[in-house]
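Have a look at these structures, which come just after this line.
Look at the two complexes coming up: chain A is in both, with chain B in one and chain C in the other.
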Partner chain A sequence: MMRPVLVRRDRVLPAVQGFGFLVGIFVALVLGAILLLVSDSNPVEVYERMFDSAFRGTDSLSRTLERATPLALTGLAVAVAGSMGLWNIGAEGQMMAGATLATGVAMMTDGLSGPLLIAVMLSCGVVGGMVLMLGPALARSHLGVNEIITTLMLVYVSIRIVEWLEVGRWKDPDSLGFPRIEEVPGQASLPQLFGRANVGVLVALGLLIVFSLAVSRTAWGYELRLAGSSPNTARYAGVSLRRKVLTALLLSGGIAGLAGAVQLTGTEVRLTPGLSNGFGFSGIIVAALALMRPSGVAVVAFVFGAVQVGGQSIQTLGVSAAISTILQAMILFGALTAVVFFNYRIRWAGSGDGSDV
Partner chain B sequence: MSSKIFSKLLVLMAVFALLATACGNDDDADTQTTGADSTATAMAESTPMADATPMAESTPMAESTPMADATPMAEEMDDEVVAGFVYVGPVGDAGWTWAHDQGRRYVETSTGAVTRFVQSVPEEGPDFRSTVVDLIENENADVVFATSFGYMDTMEELSGVYPNVVFEHASGYKKNDTNFGNYFGRMYQPRYLSGMAAGALTEANQIGYVAAFPIPEVIRGINAFTLGAQRVNPDVEVHVTWTFTWFDPAVEGDSASALLEAGADVIAMHQDSTAPGLAAESAGARWVSYNSDMSAFAPDAFITAPVWNWGPYYERVIDAVRDGSYTPGAYWGGMADGIVDLAPLAADVPADVVAEIEEVRAEIEDGSWDVFTGEITDQDGNVQVAAGEVMDDGAMLGMEFFVEGVVGSIG
Partner chain C sequence: MAVAQSDHAVWLRGIEKHFPGVIACDGAELKVRAGTIHALLGENGAGKTTMVNVLAGVYRPDGGDVWVHGQRQVFRSPADAIAAGVGMVHQEFRLVPSLTVAENIVLGAAPAFLRSGEIEQKVAELSNTYGLAADPTRPVWQLSMGERQRVEILKALWRDASVLVMDEPTAVLTPAEAAELGLTLRAMAEEGRSVIYISHKLDQVVAFCDEATVLRRGKTTATFSDLMDVDLAELAEKMVGTATAGNIERPEPLEPGPAVLSLENISACNDRGLAAVHDICMQVCANEIVGIVGVSGNGQKELAEVITGLRQPTGGKVSLSGEDITAASPSARYARGLAYVPEDRLGVGLAPKMSVVDNAVVRSYRSQRRGLFLAASKCVAFCRGLVERFGVRVGRLNDPIAGLSGGNLQRLLLGRELAEEPKILVAAQPSRGLDVQGVAAIQGHLVEQRRSGVGVLLISEDLDELLALADRLLVMFEGRIMGEYGPDVTPRTILGAAMAGMPPQ
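Then we have the complex of A and B:
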């Protein structure tokens, strides 16, 4: 019996990869056009609106950047772990943990000046994300417990904690009985760059550059990748796998936690159970599309943000929420599939051939 | 909510990627999970507050005097009004969002206004803001109706950015003096009547109440329902569970089943899906639905429902926007206005109870009596409203206690 097996291509030029990304999006747009025609929408009009609302003019561009910022940070978080073959599925929860700790500290240190308070809150974001990751990281490095499950489970724990704080201890007495946590102090909002884009864009961009260089150009990054791709070789070369697993996961959690704090100080005004808003989960796909390379995350996050902005805006044209969601998913799925096929080829393997996989 | 479904898709895609890459790997990426589960966070519907002063009675828009040149819409009077609606759930929920969308359809025919709607818009994150901006800039909306509590702060902000557009927010408490108002209805009135019907039909004297969030609006509804049930059946107890979601059929259905297993034989709800009714129907129990007449979904279980009727209010606002007479208010209309009502009663509600419900309805509608009239004691036996006194709107809007007979806790 023949069955298909994916085999990594020997050589993939970066330019070819970018081309694959575009081909994937193009195919998805063609398929999406059929979907739109079937659901009685004009594809030209819909795509034009998507493009305009995501790119035309500084205001539209700023909306795309507003979304790309948390996507880039969570994408980077997942990619850092992914560089050594680890899966942080719980960036959504680490975002909440980071935002929660940042809120708590802001409540206690109300008197601080703006820049100092922002610095403290962002640092707390990192710490909060790391604290939530500590359990899964230790369990993985010392006991071999699968981090996919533990990180995912903690997402719900951290969201429930915020719900509990909201109706209980942190309930704002001035909210007329509504369970809402009080707003973070006014001086703790990140400065706006233009339109809806805030300084968080620069924070994300800076971190992406630092981690791109660290992963691809430093000994630390080499060991990280080596430990992921061939643990035995790494061990032979004297790399402590435990330490590497621990650092990669903690850094991943810290970056996701920072994403939460950036979201809190950048676009939101208060901590709510919905603050993470799916960005943590979307970060997984951003990292996957970027093939776990921090350098690819920026581009993918920007495209992803644009697709989300565009997808939301076409609803006012009468495209239903369901069609819009399918369209967004198709575009991303198309890009992902194309990238996979540009990096792997299919080989048909016979059942007797044990050399595959 | 779309972002939730989206997240699930994304995780599925991630797993696809994981499988694809794992093929070439001898590492231990062996277990995948796809449980990007629902964590509905929405703080959807809620309660209105007049800014500082409790509004004496409802303040219908029609009463406001036209303000010649100060009116925001003056220069657009010749065009047809474009009304944008933003919903927190899907229009197919048969509940809260469906009821608002019925109102939108109503004004489309009654006023000739052009309407646009966007559904399943999350309350957190950038979606809501960009949706409203799109409605205004691309669709030239003259008035935007936002139908969930969590939209409030963004509505306030945008009302300053677009002074020529009218912003109307359901269930919030913020407003300004020119172009931003809020509206809601006295749902506690038909809830009381539905409680009377439920109290008459429970044999176990135990009613289960599936409730969304511990906020004044929901608490007020539970209390009104309980007082109504006690009026016809003094022994009745109302057991409350919180779901922390407005719309999540699975969670709502599970909560109803748990209440039924604990001994309840009637289910009431403050939720937006029909799932609690389906649970009651399959258990042979009875059901008081909410938002709309949901009898078609569980015909044997259905008793009645307190329902919304938003159309006439939307019509009034759109007419005022068209003729330039709009001024923002904090509207909290009751059964007399028709914005809230009671769905038809099941055939087996005893005739004497039906007659009593009609009597009480008449008293509520002519204003001679209202639900929170003393003496009312809370769960701990403290008198909250003295005999003969009537609770004022401010106290109702900030209600944070359960009446005697409710089993459950707040927060």
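Then we have the complex of A and C:
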């Protein structure tokens, strides 16, 4: 009897990774086609529409980029923590914290010029995310408290705080009684690049490049990788694990907070409890698919954005929102499954061990 | 042809098992009669744990075969081994803390319809039969280590194990609990079950066990069919090697220089917070190799970590060339000339997932910077220098080091530590698990360092190596130095006695 055995690969080649993803996505599309046939849709038509609405023409492309921007930032946030073996599950909450602090500072500072206001708001976004992360980071570095739980719990805290601001302190007096926060001033909108894509794309791209270089080329990044892959070896090399954990988590929180501020100034007009819109959680998938590498985050975020834009567009073909969501999920499953084959290859082994009596 | 071997409960025949860079078992043999308690002895890395993991279905051997009660077995998983009657109590217990004792015991082997009252009653009966007191209704997290171990044994008995493997069972027990365990194991043996007992505590081995097998470097080197008339010193000697030391050339005598490392009244605790090193005073001078010999687990690891700064001592002072470095960090100590080849190469010395270059610069990356960046060209040049000077055989410098053989890993590690001309080298088990050329290369470097004026502290369980290389030997037992011996003049039996805790009369 032959049975498959997973054998760990010595080395993961980028070509294997790219090919693996494509195969994974292809398998998912085939399975999705069955699903679409069952629900009386034409898979070819649906897939064509998905592709067109995500890639064909500058308008489509700009929508994909608009979606990809927060995904890239939250994906980077998760990846920075992940390169040290830490899991920031709460990027969703840090986005809200960043957007909240950015809104607050916009309310307090009257009449700042556009570029200055934007700079201040984005900086506040970073600070907001870091502030929310401070508790989990200190708890992790000094007491060993699991950051997965603490960061996740704070997601709900920060969303509730926004809900409270919405009906309380920050309620818009001109909202005719609706619980709503005032729009951010017009000059605080991020400049548009083309279509729906704004300068946030460049911010995300810039940060991805900076972190990609920082992690792979600097002494700081070397210590980070060493501490992440072999903590005892890092201690032996004289790296303070405590400080590394703290900086990795705070940076992670700060980047997620920036994602919130970018979303606020780029796409949304006001702070709402729905501003983070699942981008923080999707960032975890983005980072995992990118194998925690900043350079990979850029590619994965772009593809992920396209899948989301495409998935929404097919609803105009009569495909239900539920099917569209399942389809998106299947594509991600396909890609995630492929990750297994980056690290392992299958060997078929016989029942005996070759030395049968 | 399958030949029934019904007189043995377990027969592991010619077991071979290789791991990347390490030969764990190299044709080792183990025969255990039914109804006996069988000690499996050997230094760390001798292959004991690998052997029992083969028996328990955790590893598939690369060669050799497994016989249980006269049946040849090919275990695909631990479940197969359990079905064949092999139960294992691992060093780290595998219990679910939030479940009760009874739930843990039946987990995975519960009847289809769980009636908790009934199961608890059956578990209680089982624990009464063997004198393994354990309240079946209590959650496991409330239990002491000794109680948890009883639950593990009950788990094996619930599955009707006819062979029970215990890996270092008394390491977590108080002396009273250990004595109790001895009685339980005896009761099981009297029923016809067999126990395989792995331990470093030779006095307990002699007290509890009927037979013994000694492994060394993955091979079976000695068997004792009756431990009644075997003394501790003989066992200790067998574990650390009995071959004549002819194959290693003794380095020429040198006049020792000034003291480079001195320890004053050093005491330290182990990871469980128990005292592991007691009040040690010693010196290592330039131009000499000082050997520390002892059965593993007698405080050698903790002592090395205190010297190199990975563990804070609970008392005492460490000085390097007269300068107090007790509070200095590991990297500060390295910068002052203290190099360290740790026992756990891949867990402490090297980062297995990182590249050859990244591993080469673990000690020196701070000086390979150009602005904020690590200068890749400097790092590669540094790495290439090490590779050439120390004869490391590598593929591509940017591949993870996990693919290197054990000997090449150790050459890289030793080379990195020696790169900046240290004053003292602390080397823990530097040649363990290496092939012949690897051992020769590493030992050659130690001798070379001694000649060039470095003080070497060589911690080893390999008596042959120590007798050949060391200028002075210190025997360590239960965290204390039992005495200092000249390697040329001391008979092995005396060293064996000291290692077993008996100072010479």
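Criterion: the second predicted complex is superposed on the first by the 336 of 357 C-alpha atoms of A that agree within 3 Å, B and C clash if a C-alpha of one lies under 4 Å from a C-alpha of the other, contacts with A are read in each partner's own complex, and residues count from 1 in each chain.
Please note the rule applied: a contact is a pair of C-beta atoms (placed from the backbone, for glycine too) under 8 Å apart; a residue touches a chain by one contact, two chains touch by 3 or more.
Keep in mind the model is a prediction, meaning the values are calculated, not measured.
When the two structures are aligned on the shared chain, A:Tyr222 is found in touch with chain C, with no touch to chain B. Residue contacts after overlaying the shared chain place A:Phe281 against chain B, while chain C stays out of touching range.
In the superposed model, A:Gln315 lies in contact with chain B only, and not with chain C. When chain A is checked against chain B and against chain C, the one touching more of its residues turns out to be B. Using the contact criterion defined above for the overlaid structures, shared-chain residue A:Ala237 touches chain C, although it does not reach chain B.
In the overlay built on the shared chain, the residue A:Phe19 is in contact with neither chain B nor chain C.
Using the contact criterion defined above for the overlaid structures, shared-chain residue A:Phe194 touches neither chain B nor chain C, since it reaches no partner. On chain A, the surface touched by chain B in one complex and the surface touched by chain C in the other have residues 229, 357 in common. Against chain B, in their complex, chain A makes its touches with residues 5-8, 49, 53, 63, 66-67, 85, 87, 89, 92, 146, 148-149, 152, 155-156, 159, 163, 167-168, 171, 176-180, 196, 228-229, 231, 267-269, 272-275, 277-279, 281-282, 284-285, 288, 309, 312-313, 315-316, 318, 320-321, 324-325, 328-329, 332-333, 336, 340, 344, 357.
Every residue of chain B that touches chain A in the complex is listed here, in rising order: 2-7, 9-11, 13-14, 16-18, 20, 23-25, 27-33, 35-37, 39, 41-43, 46-47, 49, 84, 90, 116, 118-127, 129-131, 134-135, 138-139, 149-150, 153, 173, 213-216, 244, 397-400, 411. Chain A meets chain C in the complex at residues 10-11, 213, 217-220, 222, 225-226, 229-230, 232-238, 351-353, 355, 357.
If you check the complex, the residues on chain C that touch chain A are 1-2, 60-61, 63, 65, 72, 74, 308, 310, 329-332, 334, 340, 342, 344, 347-354, 358, 361-363, 365-366, 369, 372-374, 376, 399-400, 402-403.
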